[in-house]
Amino acid sequence: MKIQLINPNTSQAMTETIATAARAVAARGTEIIAVCPPQGVPSIEGHFDEAIAAIGVLQRVKQGRETGVDGHIIACFGDPGLLAARELADAPVIGIAEAAMHMATLVATRFSIVTTLPRTLIIARHLLHQYGFERHCAALHAIDLPVLALEDGSGVAQQKVREQCLLAKRQDGSGAIVLGCGGMADLARELTHELAMPVIDGVSAAVKMIESLHGLGLRTSKHGDLDFPLAKPLSGVFSEFN
Amino acid sequence: MKIQLINPNTSQAMTETIATAARAVAARGTEIIAVCPPQGVPSIEGHFDEAIAAIGVLQRVKQGRETGVDGHIIACFGDPGLLAARELADAPVIGIAEAAMHMATLVATRFSIVTTLPRTLIIARHLLHQYGFERHCAALHAIDLPVLALEDGSGVAQQKVREQCLLAKRQDGSGAIVLGCGGMADLARELTHELAMPVIDGVSAAVKMIESLHGLGLRTSKHGDLDFPLAKPLSGVFSEFN
Amino acid sequence: MKIQLINPNTSQAMTETIATAARAVAARGTEIIAVCPPQGVPSIEGHFDEAIAAIGVLQRVKQGRETGVDGHIIACFGDPGLLAARELADAPVIGIAEAAMHMATLVATRFSIVTTLPRTLIIARHLLHQYGFERHCAALHAIDLPVLALEDGSGVAQQKVREQCLLAKRQDGSGAIVLGCGGMADLARELTHELAMPVIDGVSAAVKMIESLHGLGLRTSKHGDLDFPLAKPLSGVFSEFN
Amino acid sequence: MKIQLINPNTSQAMTETIATAARAVAARGTEIIAVCPPQGVPSIEGHFDEAIAAIGVLQRVKQGRETGVDGHIIACFGDPGLLAARELADAPVIGIAEAAMHMATLVATRFSIVTTLPRTLIIARHLLHQYGFERHCAALHAIDLPVLALEDGSGVAQQKVREQCLLAKRQDGSGAIVLGCGGMADLARELTHELAMPVIDGVSAAVKMIESLHGLGLRTSKHGDLDFPLAKPLSGVFSEFN
Amino acid sequence: MKIQLINPNTSQAMTETIATAARAVAARGTEIIAVCPPQGVPSIEGHFDEAIAAIGVLQRVKQGRETGVDGHIIACFGDPGLLAARELADAPVIGIAEAAMHMATLVATRFSIVTTLPRTLIIARHLLHQYGFERHCAALHAIDLPVLALEDGSGVAQQKVREQCLLAKRQDGSGAIVLGCGGMADLARELTHELAMPVIDGVSAAVKMIESLHGLGLRTSKHGDLDFPLAKPLSGVFSEFN
Amino acid sequence: MKIQLINPNTSQAMTETIATAARAVAARGTEIIAVCPPQGVPSIEGHFDEAIAAIGVLQRVKQGRETGVDGHIIACFGDPGLLAARELADAPVIGIAEAAMHMATLVATRFSIVTTLPRTLIIARHLLHQYGFERHCAALHAIDLPVLALEDGSGVAQQKVREQCLLAKRQDGSGAIVLGCGGMADLARELTHELAMPVIDGVSAAVKMIESLHGLGLRTSKHGDLDFPLAKPLSGVFSEFN
């Protein structure tokens, strides 16, 4: 099977980070096609960034669908454009926040989230509310560094993630930690080992979820409100969606 | 004061419908600048349409801000791009679903919603959940006609809206009705009179809310998670946002 | 238009504070008729005080209706007697807690509340729950001084409000602050400026909301459970309501 | 022990109905002192009626406290003035809606409510929300007759209650029925027998709850927000509370 | 009347502690039959322990029903086997967590919980969620000692309970405290007196609730989902339930 | 990898049905070890049945752990003993209701549930509440036949499932259907095809979830409240757990 792994931002470095994380868990026979939009935002740290990124996600989903992929992953912790992508696709579409949160509820009664900038916490809060997991989240933490600090090679951001995870373990009374950024995908295994508790990355989680849905023969429902968008003439730069 | 009234779809007819509704209630001294995106979707009936429309909304908000408007209205019942627009603006930004729902809770203990296609009901449900008004909504109704049927001149859609409002009055045990589409803006006053209960249009409601915030000296908070988007180089068609 | 601004307590000083705040934002052509009950409680700091105050509110609403006012404001942060007043009125009725909370959700994703005595916090909590805004409130703070300390001329209470607002800004992760007492109405503008974030007073907010509903032709719904009280002979001191 | 049973309306007939129901279940040694306010509303069918009735309740609670009763019951299904009464009392105070709802959750997973006029349903809804029992209530039914129809001697209202209970049993998938009016207190035992499922009257339920709290040595908490009202000079007709 | 008081663990010492607490509040004429399972777990501090204990509870409930008791109490703070026991019984069945939480909401607007090991907090959280009392609980505290420390005669655990209660009083803003373990049953009266606020033990609370339901003629509903278990041949050690 | 598939009832026929369903989706290299308890209940249709079945589940989990399985599935739609099993295991444990509900939220905005007897609906409701999926469930349906009717070879129960699925598709406004019984596991693929919408079986869903967690290196958290049960001497028939 082919999984289209969409990094919604335009960072090539991050696309590689998540591709590596995805391939590390993909089943034999699963091909990971990692892409990012040709144009958009270099990182996603707010609602505006998400709105821009959603277009790139949708372009890639359309493309993926045309090339016959078996599933799509939206690899940004805000799951930008998720429901729109589900309309556009008929294969399954999974967001990495969604994937990580679901997995966390399966191995612990409550989880903590560790993310990047404080201003992105509201996005995580809204997703918890929308997905039904508010009561399963014990606390949210921000390392107070931008997303791209995870790709600067210094390791500072990674060290801060580690510190916040340790803090969460000590303080929150939760049994698992969700890493709140695609750029943290490479840290999950090591932190799981070091902290002796599940530390969950959404990218790899999403790969397994797509594989699962594929294996079950389940695709995005086209009965009801996730049916394909109604045919209508889009104009301007959006005419590529026609 | 100047209010930028943004129709997120590209229908000129609907832009005029809502402009008329807005001007009918605007205070003396309030100028309504009605715009729609130069490119996008002709009507909004799902999450995909919303994602596309959000870009047009943001373009217009940016433009509005540069020309010094005192507030922005997003005139589509799904409030597409609302939080993103709030980041981009420092004047207040109001969505018409938000405006209508807030007003409804001020004149009735529970309200009904009458909207267009059944597939858009999920958008209204999600907004009720997000805004905190789930318990204030007694029922949702769809006329099962597309948005642009409201602009076809036949009056069929308008008649269906009227029928669903009567049904809601008889059945729902609610005290007010929220019209779930910008294209229904011209029906509120008449239906309020005919049904002898508040029938609320979000476009006019949003005008008064913007005027209110302006009068109170309240602008979108730039402290915290609605602060301006972090400066970063957008690429491609999005570079106009730089 | 005429707005009846009802201070539910009997403090003449506070009636003047709120009248000034109301007039400062009222539209040209809006007349503010500030009243308080001839008899009742000098300040409202609990459920008992509220129950007493509600009667005075209802007396004033009845009087206001007879004299043809276009809207009523209940200017105490617990919104005492709100639904009862809506039954008695056909013009719109707004409580100041309701007004401030609604406005706060329009300019920030989450807000903090700063109120007077800790024992009144439960009233704010119940209103948040009832209005649907629990998730929009990040934290509640009390200055631990009684309501009338705001009118003692010393400025001590005002200073404590300011300190709690600063604390809220630093700690809560919220984007706006709601002032939880009618007696703080005069502080909002200055604090908004000083803190560089929206600090919201319910009295002025309610004035704009009433003006808005009036401008939209929306009155309290008389269809359903806010209809006028059923005619029945009230006895004793309550016979004035017959 | 002495229980003050307060009928919040001024109907002597209803006071007797509830007194009889209360005495039928009171433990040996429990004295039921049934009172109603000397002035107020003859029946309670809305928020206005409740606000008026609350004053009478508070007068009686004060009196009851002065005469040393061991508990107070507010015998109207809206529990008017409950938290205010708890401030005024130090003995326990129970509302009959509260009592019936609590009992229902102990014998069934979900319950139905049968009440009088449709306009009172919102009061029951708000109490379910406030007490935490929304999920435990499967459905609400109204017989569409006013409260005093239960005291007109014709038996018509009683027959309608019976019909709605049968309907609830057939349709709601609930395991118990709560009678939503003090005036229905005499019907519970018979309907429990006829329907072969628990049909619960709040008056008798409240008697047992007060007896329980008394037996446990538990009184209304005076630590925190239910402490006695702050001493302040009430004016006019309210000066009796000083 | 006869109340079967079931200690779900096999500790004879704790069975006596709770029996004493129950008898101290039982009405004249109420016989307390205190039992524990002949086999099971010596203490209950997690979900596994609860699952084991539930079988012992059900054995005792069956036995109690055969000997004609008028009610059953499950005297462990997790209320293990509560709904299963209600199916098996037709007399009322009450859990002590349920009983204590209900009582607490009647004397305070919010309560705190003080329990034993931190790992049991999740059980209390789940019960609060299931019973509808999440908003009524201000905070949860654990003394971080196992259940049986309460029976070791040293008084250390009792001292820790007292300390946590004092902490809760100072910090939580709640008006009552619920003791979260049957083994704390003997502490409630004394702590209520010392702290001058209601400190509630579920064992004694449950006794009064059973007496109340009995006095009201209310039994576990056999209409619907709490009806007797469908007759089916249980095998092995469970055949005693046939 | 080895997955222990536990049928919590003692029906050999149903154990085979679910084993077949599990094997049909298991990845190459996944071994399904289908077991049921040697003693217990022949079918599970209520809380009592669940409590009995939980012991058998725990016995099998213990056995599975000792033989080194990589995950455990509890194949009854009430997920009996789930949290207890998670304490006992360190491999992942998944319930089939949980698995099906999670999967449904990934392919549709809302889902319907079709289950067996009406009395089991409350179990599904409680799980929706506990897992956070109440808002994602549009409606619940019961075929009103016992679980074992699915194994009687007549096809009547299967036909009723089909009818309820069609009804759900027409009426509920949901995009997917969850089959609410392990005994329906063989129907999902065919109904998905016939109804042209996702019809989800929890058994196969759980297999993929266990495989996913295994592939991610995620095991049940032993940090916090799902840690192994505290060591304590179990007595009688439970001593096998020592």
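By letter and in written order, the chains are A, B, C, D, E and F; residue numbering begins at 1 in each of them.
Throughout what follows, contacts are C-beta pairs under 8 Å (C-beta built on N, C-alpha and C of every residue); 3 or more make two chains touch, one makes a residue touch a chain.
Quantities reported herein were computed from a predicted structural model and do not represent experimental measurements.
Q: So which chains count as neighbours of both chain D and chain F?
A: Intersection of chain D and chain F contact lists gives B, E.
Q: Spelling it out: a chain qualifies if it touches chain B and also touches chain E; which chains qualify?
A: Per touch definition, common to chain B and chain E: A, C, D, F.
Q: Copies chain C and chain D touch; is their interface built from the same residue numbers (over half shared) or different ones?
A: Counting shared over all numbers used gives more than one half: same.
Q: Using C-alpha centroids, which chain lies at the maximum separation from chain C?
A: The chain farthest from chain C, judged by C-alpha centres, is F.
Q: Fit chain B onto chain C over the CA trace and report the rotation angle, somewhere between 0 and 180 degrees, nearest 5.
A: 180
Q: Centre-to-centre on C-alpha atoms, which chain is most distant from chain E?
A: Of all the other chains, the one whose centre lies farthest from chain E is B.
Q: Indicate the whole-number Å distance between the mean C-alpha point of chain C and the mean C-alpha point of chain F.
A: Chain centroid spacing, chain C to chain F, equals 52 Å.
Q: When the C-alpha atoms of chain B and chain D are each averaged to a single point, how far apart are the two points in Å?
A: Chain centroid spacing, chain B to chain D, equals 43 Å.
Q: I'd like to verify one number: the distance from the centre of chain A to the centre of chain F, where each centre is the average of its C-alpha atoms, in whole angstrom.
A: Averaging C-alpha atoms per chain gives centres 27 Å apart.
Q: Which positions in chain F touch two or more other chains at once?
A: 83, 86, 109, 118, 121-122, 129, 135, 173, 224-225
Q: Each pair of chains that touch: what are they?
A: All chain pairs meeting the touch criterion are A-B, A-C, A-E, A-F, B-C, B-D, B-F, C-D, C-E, D-E, D-F, E-F.
Q: Write out the stretch or stretches of chain D touching chain C in their complex.
A: 10, 38-43, 45-52, 54-55, 58, 81, 83-84, 86-88, 118-122, 126, 129-130, 146, 224-225, 227, 229-230, 232-239, 241
Q: Going by the contact rule set out above, which residues of chain B touch chain C in the complex?
A: Residues in contact with chain C: 25, 27, 83, 86, 92, 94, 98, 102-103, 105-109, 131-136, 169, 173-176, 189, 192, 195-198, 200, 204-205, 208-209, 211-213, 215-226.
Q: Once bound in the complex, which stretches of chain E touch chain C?
A: Residue positions touching the partner: 109-110, 135, 173.
Q: Give every residue of chain C touching chain E within the complex, in rising order.
A: Residues of chain C touching chain E: 118, 121-122, 129.
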